[in-house]
Amino acid sequence: MNYRRLGRSGLQVSELSIGSWVTYGNQVDAKAARESLAAAYDAGVNFFDNAEVYAGGQSETLMGDALKTLAWPRLNYIVSTKFFWGIDKGPNRHHTLNRKYLLDAIDHSLKRLQLDYVDLVYCHRPDPRTPIEETVWAMHDMIARGKALYWGTSEWSADEIRSAYDIAERHHLHKPVMEQPQYNLFHRQRVEKEYARLYEDIGLGLTTWSPLASGLLTGKYRDGVPQNSRAALKGYESMREELTHPEKNRAVGELAVIARELDASVGQLALAWILKNPHVSTVITGASRIEQIGENMKAAELATRLTPEIVEKIEQTVGDLAD
Amino acid sequence: MNYRRLGRSGLQVSELSIGSWVTYGNQVDAKAARESLAAAYDAGVNFFDNAEVYAGGQSETLMGDALKTLAWPRLNYIVSTKFFWGIDKGPNRHHTLNRKYLLDAIDHSLKRLQLDYVDLVYCHRPDPRTPIEETVWAMHDMIARGKALYWGTSEWSADEIRSAYDIAERHHLHKPVMEQPQYNLFHRQRVEKEYARLYEDIGLGLTTWSPLASGLLTGKYRDGVPQNSRAALKGYESMREELTHPEKNRAVGELAVIARELDASVGQLALAWILKNPHVSTVITGASRIEQIGENMKAAELATRLTPEIVEKIEQTVGDLAD
Amino acid sequence: MNYRRLGRSGLQVSELSIGSWVTYGNQVDAKAARESLAAAYDAGVNFFDNAEVYAGGQSETLMGDALKTLAWPRLNYIVSTKFFWGIDKGPNRHHTLNRKYLLDAIDHSLKRLQLDYVDLVYCHRPDPRTPIEETVWAMHDMIARGKALYWGTSEWSADEIRSAYDIAERHHLHKPVMEQPQYNLFHRQRVEKEYARLYEDIGLGLTTWSPLASGLLTGKYRDGVPQNSRAALKGYESMREELTHPEKNRAVGELAVIARELDASVGQLALAWILKNPHVSTVITGASRIEQIGENMKAAELATRLTPEIVEKIEQTVGDLAD
Amino acid sequence: MNYRRLGRSGLQVSELSIGSWVTYGNQVDAKAARESLAAAYDAGVNFFDNAEVYAGGQSETLMGDALKTLAWPRLNYIVSTKFFWGIDKGPNRHHTLNRKYLLDAIDHSLKRLQLDYVDLVYCHRPDPRTPIEETVWAMHDMIARGKALYWGTSEWSADEIRSAYDIAERHHLHKPVMEQPQYNLFHRQRVEKEYARLYEDIGLGLTTWSPLASGLLTGKYRDGVPQNSRAALKGYESMREELTHPEKNRAVGELAVIARELDASVGQLALAWILKNPHVSTVITGASRIEQIGENMKAAELATRLTPEIVEKIEQTVGDLAD
């Protein structure tokens, strides 16, 4: 496994990491979660992404139990959480980044995770109804109190990220270090265009999510929605249209041909392509099945074999389909 | 219940809230206090105002006992306290905002309230004998130590509030977020004129008190001072003249006519009129009787029915009587 | 008892206060110490001055025991300590204001005093071998950690005090609030000339020591050194010459005449004269005998009777004898 | 023993101090370690240097056990540790100065040392893959949390040290106070040239290591590598060439002649020569044998006898051999 700096920070993250979006606490039970984490750790993964809202807190609880059992040295792994949606609804506990919510949320997350601190804490979405200065202060206070080591954002605009950075610089507070954007072959504008100046100006690091476009890039939706897939779950109806997009699935088919020539799956090719972007610190991959982890890890090796010519072929295949 | 941002902060407060000035610990017993809080909470109220000096500390003790019994999630409610007068007399415990008093006072309030922190802490009055910088530091330290989330002022001049804000900005300290002024149909100058620039410049929020002008706006003093009213209590003699002011009571009579056309009481009309002011974050209402809470809550709905024409009629009725 | 602001701070100190220089732990036993404190407190004194070095730590231990027994509300009294000499000798524990010593010293003082915090903490002397910035940071950290409320200096030059203030302003740290200089009819230059601009520029408060010039101004040395006086103690030899200074003792005789006309002792006159200086926040007086406290307290009343004419007469009596 | 200020700080360090590089936990057992410390302490040494990486943490454990047994007053001694290499390998625990590692490392060091705080904490080497700002913040946070008193660097370039100082000044954080460079008759460029402006500009103090150039300056390598010497240990192969350098050993022979004329060993002369440099705060010497301590301590007295003429003779002997 290769490790990359999280943006300009000194933190080293494995270039492939494990997220638990929806997965833990829903489809996967405790033992499977623990085995997935162990397999990933053994493969060199050191970053395990989480959020308060994933599976209504259950994702943190499961990860906390697994970490306790696994008993790795704390220095060896990086755990994150994210705040914005909250577990329950209510004016100061949902869709907010205000001080009251954030300082309450971190304490509850740490309890579920059974940890003294998380390494990374994210503002899961921007909150236009809270001044960025209030949020920056609360994130700083989490770090000053030893409850987190680094903070960042997820799906914030470039302007919002820069504003947070500037406020922290002016008031001598801890600055945002990383952003967690969606990034894959079909979703690229923000990472490649909107954030372009931030990499140089503030040293922004990226921990990207949805590398396989919710499964679209595995090719499993080329023949419609399989019964056991996430898109068949209740509550994900709106995702189905995108996943069965005819032209995108046709492109996936062409990518599968390229992948096959490299002895790889189309999913591995999609992950490897992301790793070619030097601004990406780590690609967060799914872990619903333990075999998936082994498969995903192979993308790192594959990336070293992606020549400029192959990358060019991939780009032409995707063409205008990316936003 | 609607919720409003506390000024430019991210905190959401119910537009109607509950205060306990004099009430708890004096006229009301523990069970009644708990039932009043519960009824308000069920109606969507999330802000419960308090102060060290209310009923000599008893108001905080009663609220603390009630909150413990009710056992709501801490994120769901907002509690405040205020410091200036102190419970006992003495050079550093009364009429002061010095560091010694403030840091001692917050610890005692938290003990009475049985809470780890209050959400809002106010400087109950300005103290011309303490430099504002000393007070700003002490308020900042309360927040930095996790004993309060936001701080503000009560009945400070615009100049004093701006000075506190500027000192905090210069020294990178937590800034004042809200002010608690008296505000009602007969007392308007400060909120509408003196503070005018502060809403835009520093995002000041208002939690207003005395919406019914100590009862004058309920109409109950139109025929003199009723035996059970607050104005009949010992120690409130000076209030009586204002409450029995002939022209104001005549105006209240006219307002009652407007209210009746809207199927409302004059008190509800007076509350609804305050809610039309977008700079008001929440109107703190009394809660000496549980029925009062239900009556007051109706003002929120009434406010949506106050057309510009009705508001204009109200303004003409009050005319020059307001200060 | 009148109370004065400690310089421009909001802290109110009794204009007469009690010090324990040498006294406690040496000449006075525990019961007497407690009774002296109680008598002073009952007379309205709220400030009790102390230092690590007084009686090798015993002065703090005795005061701590007395305060515990007396069990006054913490808000009602002000306790100080001072650091520079240390109790034991050694490179980082004596004649220093470095970070190591100061942060160690405050913890030991609080243990001896059985207090969570002192109100005032002084740098007992300037230390030319420690940068003022290092000392300012350590004093700030004591306050930030809740171990002291205000900090100041003792016998620092005006330039050193201003430097400390400026460093604190620049780095947003807690600023020095008060200075404890020697000040009496025969020792005036520093308070009246050297510090003159500091009162206005930085709001410096004064807690003055040696109001009776080590007893010279009581008149008891007019006929030589009495056997039980401090000047007869071993280790105070160097003080004797000053105390038996012929011209000064002659002036003391003349002051005694003025005092007698006012039905006062010359010591009371000397104290009252200091109280006429508006820059003095409190005059620290001795307390080796309980009767002394009652006698000293009368100076406050006497000060109100000192007309400009009487003050002028006092000044002429002292003439060039003061430095 | 003489004491010197640690650069421009107020901390007084003995001009000769004790390090434990490799020694403790490898060649020396617990009792010997305790006796060495005690002998040094009795000779006036107050600074005991250590590092996380020395003997894989064992050096700290042994020192911690010894300090506990010896039970000296905490004010009387100065303990250091250093972070960069870590005890175990791994992306965030080795060759790094990132926040995650540093904040984890200090807690583990304090546990091994059985101390509440170390006096000095060093960044053991520069880390080009962590921004200096991140490291400065972490070092500041250690100090702000009371886990260390002063921080510094070891073998950083002048430019890196100045950058750390400037960042701390700009963000109002604790500044680096000292640097621990290698410094001896054969290794001088950094201390004498590269750092030259830092002494004046930022008051940098030096705690120098390898005063005897790993033993070369004791003369024991003049006839090859002795069996029991460090250079004979496994893992120190690369050091052998330097230690058996023919011209340097010839110069050592000439220095031995100068030393003999002063009734001293060549090692004592080499130590004494370093003490003539006023920018050196303390010379860290080895302590593998208790007799060594007594021998080394004599260098302080010897330094007072090094006339300008003798120093000149030493310089000519070394000539171009120094880098």
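Chains: A, B, C and D, in written order; residue numbering restarts at 1 for each.
One rule holds for everything that comes next: a residue touches a chain if its C-beta (ideal position, glycine included) is under 8 Å from a C-beta of that chain, and two chains touch if they have at least 3 such contacts.
Composition by chain, UniProt nomenclature: A, B, C, D = Aldo/keto reductase.
This is a predicted model, so every value here is computed, not measured.
The set of chains in contact with chain A as well as chain D is empty. Listing every chain that touches chain B and chain C alike gives an empty result. Of all residue numbers used at the contact between chain A and chain B, under half are used by both chains, marking a mostly different-residue interface.
Here the CA centre of chain B is 62 Å from the CA centre of chain D. Chain C and chain D, compared by their mean Cα positions, are separated by 44 Å. Shared interface positions of chain C, defined as residues touching 2 or more other chains, are 172.
Contact between chains, per the stated criterion, is found for A-B, A-D, B-C, C-D.
On chain A, the positions that touch chain D within their shared complex are 3, 5, 8-12, 14, 46, 73-76, 78, 119, 144, 146, 149-150, 172, 174, 203. Across the complex, chain B is touched by residues 86, 88, 90-93, 96-101, 103-104, 127, 129-131, 134-135, 137, 141, 145, 171-173 of chain A.
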